[in-house]
Amino acid sequence: MPDQHVTEHKDRQEEEETTGLRRPLGVRATEGTAPAVDGARREQAKPREAVFELRDVKVSYGPKPAVQGVTFDIGRNEITALIGASGCGKSTLIRCLNRMNDLIPTARVEGEVLYHGQDLYAREVDAVEVRKRIGMVFQKPNPFPKSIYDNIAFGPRVLGMKGNMDDLVEQALTHAALWDEVKDRLKTNAFGMSGGQQQRLCIARCLAVEPDVILMDEPCSALDPISTGKIEDLMMDLKREYSIVIVTHNMQQAARVSDKTAFFTVELDDEEHRSGRVVEFDDTDKIFTNPSDSRTEAYVTGKVG
Amino acid sequence: MSAHAEAIGRTSGSRRAKDLVFQLAMFVCLGLAIGLLVVLLVDVAVDGAGNLTWDFVSNFTSISADQAGIQAALWGTIWLMGVCALFIIPVGVLTAIYLEEYADGTKWYNRLVEVNIQNLAAVPSIVYGILGLAFLVRGPVELGPLGTGDPTILAGGLTLGLLVLPVVIIAAREAIRAVPPSIREGSMALGATQWQTIRRQVLPAAVPGIATGVILALARAIGETAPLIVVGAVTVAAFNPSGLGDIFTAMPIQIFDWISRPSSDANNYQPLAAAGILLLMILLLLMNSVAIWLRNRYEQKW
Amino acid sequence: MLAALISVLTTTGIVISLLEETIVFFGDVSLSDFLFGTDWSPAIQPASFGVLPLVSGTLLVSLVAMLVATPLGLGAAIYLAEYARPSVRKTIKPILELLAGVPTIVFGYFALTFFTPEVLRGLFGFDVAIFNGLAGGIIVGFLIIPTVASISEDAMSAVPQSLREGSFGLGASKLQTTLRVVFPAALSGIVASLVLAMSRAVGETMVVLIASGLVAQWGVNLGQPMETMTAYIGTTAKGDIATGTIAFKTVFAVGMTLFVITLILNLFSIRFVRKYRQVYE
């Protein structure tokens, strides 16, 4: 399976070399523009489109960096997992992707975070619009103290989305594999559901605003194994339409669901300050069976926690 | 999904405006609330500062505004606070100990006590005055000298005490509750009885919290006017109290009297009232500062 | 245990003392005359004991007070809970608590000597009597703002941050998050604060005694004197009246009415909080 995903860089590099033109991001290569350098391969392989491009991203709370040196791409319709021990900045990084770190006054983001080629942190970019397109599911399910219906309807209402609300709610819940379980009690309070259901509600709530990307910060760590399994199945389903980034502590989960994996580690600098760094980013299979870096290997084989 | 290939645009101007206007409106609310209270205090200070002299403190009240002073009222207040404190400290602390350490929360009579305290905390102060009048001055527990039915310091102090008792009870309960069970367990494990544990371990640890509560209760009591009016504090007293059975006046009463007297050019009582208020506020400020200092100094982090 | 009984005794004492004289009072005056009569003039002959003017005076003053205190108190609370920096919040909250401790007589003084002449008549040019219901109502309103603000702010701060994050994560703005997520979540605490404030307004004596005058008005003219239940009790019960007179008994009858009204308000507040208190787990 990894063979089918040709890296974006190689693609564009070849194209550039042959045509002398640089194809802008987000624009698909059509038959006419790209010469058949390797026609056979091109016809069967889907070009990998990057949703995010991170270049040397560094996040600091105050003077000290929390995570630095992050450089990789997040691909369209893929599940990208961020793994690594506690405290290496995975959550910090994922919160960069939808500008949730804006809520923390001391947070500072350096480097480039490109979303479909656009600088996410440019002055003129609207953070609210960012969060409409890049949704987030949190570690502990956080439904609003409202009815199930109102939870889902909240997003569309505040964003002024048009359309029949009942249909929107049903669609979102169906997408999140929750419709059958709750369709008869839409007006009951969301807290009456189990933890796993609440988390799926949060996913449905996120889907209701029609995002492009879904970020998940350890979505299953507060759930039992059965609920976890349901959500993992849901993820595999959702990736057909959305791009997903997941932070997880659970290596097996990363191995199960993700296409690409980024491995983070913690470094100590001269003053004993901890910061995180991406050591390796590659196809999931490769990370888990034949990692390039020894630190990655130590982590995935369980030698270090 | 070509929609997502569109660039993300600017923040909508109208939305940003709405956000800002809202934040400003909320800030204005806060500003007005605090602002008016500041204006009030400044107004009082301006009116009264000139009159707050040593003469003022040492004189007794008189018809002649130039010679009027607040001494009787000041001493009356001090005596009242004394009676009040002597009442609320034992009763409040014992009630709190009972509720926290001994009472079984499920028994109906204990729940009744708890609900009672909650309700009493919200009863208007003037109703306490009626209670004091009915029971302590005129009624069964007549505390007047020789049963004449006159209002006495004892009656006044007790009335105020009943009024602020819930404050002490609530504060004492919180202070006792804050002492961790491990302290109690350690003491009992050494063979101490429950009462010994309370007396030697829990109470001493809770003292700062209780003291803070008592001071705040007294700070509330010192400014109360309505109950004293009803109980019968006099407004013209040219002497200081010398015993619990004496009739009395108090600072808020004196101030009220001066406010209510029609002022003429010859005798303007308003500045006197302002000076009285100023003195009262200074006392209050002192008491609150002591309470805050106590809280900060002795606050134990378990 | 004995000490705890004192609190129960107090309540019993209040109820009994009020009840006893009230019952005697109703020996002389019929209950319906009292409750539904609109003329309150117990002291002049022929005496009339309709309590409605006093009740309406109390309610009107309290209504004005709530109209002032609700927006200002809630606005202040929202600002402190959602927008203010932690350092600002830490200094302002204790100031609010201190202001809550200012004796009511100070407010009364301010209402009579500054607010009516300088603000109502001076700044706004209203044609009001020197003793009027409006001044009393507005000043009582300012008196209870700290109650509303303090308790509502606590309620909103208690809303977990995870709820706000969930809302922001969906793309809601701060305004939308505050009004559509935080405020509704804290509603039970907010309503409790409003009911408590109303109860305080109803029971407030000194401000209205000083600033609103002693003419029992059966009407809505806020520019004129307006006697409340509390003011009546305060002025009548000055300790000079003899036990047993009808005037003495009116104090208890009115006191009973006042007690019942505040009791109902307080019980409502407790029930409401218990029913709608948000458990966030």
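Order of writing sets the chain letters: A, B and C. Residues in each chain are counted from 1.
Keep in mind that, in the parts below, a contact is a pair of C-beta atoms (placed from the backbone, for glycine too) under 8 Å apart; a residue touches a chain by one contact, two chains touch by 3 or more.
Everything numeric here is computed off the predicted structure, so don't read it as measured data.
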| query | In graph terms, with chains as vertices and touches as edges, which category applies: line, ring, star, complete, or other? | reply | complete
| request: Just grab the chain with the largest centre-to-centre distance to subunit A, centres being mean Cα coordinates. | output: B
| remark: Comparing A-B with A-C, the one with more C-beta contacts is A-C
| Rounded Å distance, subunit B centre to subunit C centre (Cα mean) | 17
| field | Between subunit B and subunit A, distance of the C-alpha-averaged centres to the nearest whole Å | value | 57
| What whole-Å value do you get for the distance between subunit A and subunit C if each is reduced to the mean of its CA atoms? | 53
| query | Which subunit C residues touch at least two other chains? | reply | 173
| said: Could you pull out the residues of subunit B that touch at least 2 other chains? | reply: 15
| field | Where subunit A touches two or more other chains, by residue | value | 128-130
| message | Taking the touch rule as given, give the residues of subunit B at its contact with subunit C in the complex, in rising order. | response | 15, 18-19, 22-23, 25-30, 32-34, 36-37, 40-41, 43-44, 47, 90-92, 94-95, 98-99, 102-103, 112-113, 116-120, 122-131, 133-135, 137-139, 149, 151, 162, 165-166, 169, 216, 219-220, 222-226, 229-234, 252, 255-256, 259-260, 270, 273-274, 277, 280-281, 284, 288, 292
| Residues of subunit C defined as touching subunit B within the complex | 1-8, 10-11, 13-14, 17-18, 20-21, 71-76, 78-80, 82-83, 92, 94-96, 98-99, 101-110, 112-114, 142, 145-146, 149, 173-175, 178, 196, 199-200, 202-206, 209-210, 230, 233-234, 237-239, 243, 251-252, 255, 258-259, 262-263, 265-267, 270
| request: Under the touch definition given earlier, write down the residues of subunit A that touch subunit C in their complex. | output: 98, 100, 103, 128-132, 135-136, 138, 140, 142-146, 154-155, 158-159, 191, 202, 205-206, 209
| query | Tell me, which parts of subunit B touch subunit A in their complex? | reply | 1, 4-5, 7-12, 15
| request: Quick one: which bits of subunit C touch subunit A in the complex? Just the residue numbers, please. | output: 160, 162-163, 165-173, 176, 180-181, 184-185, 278-281
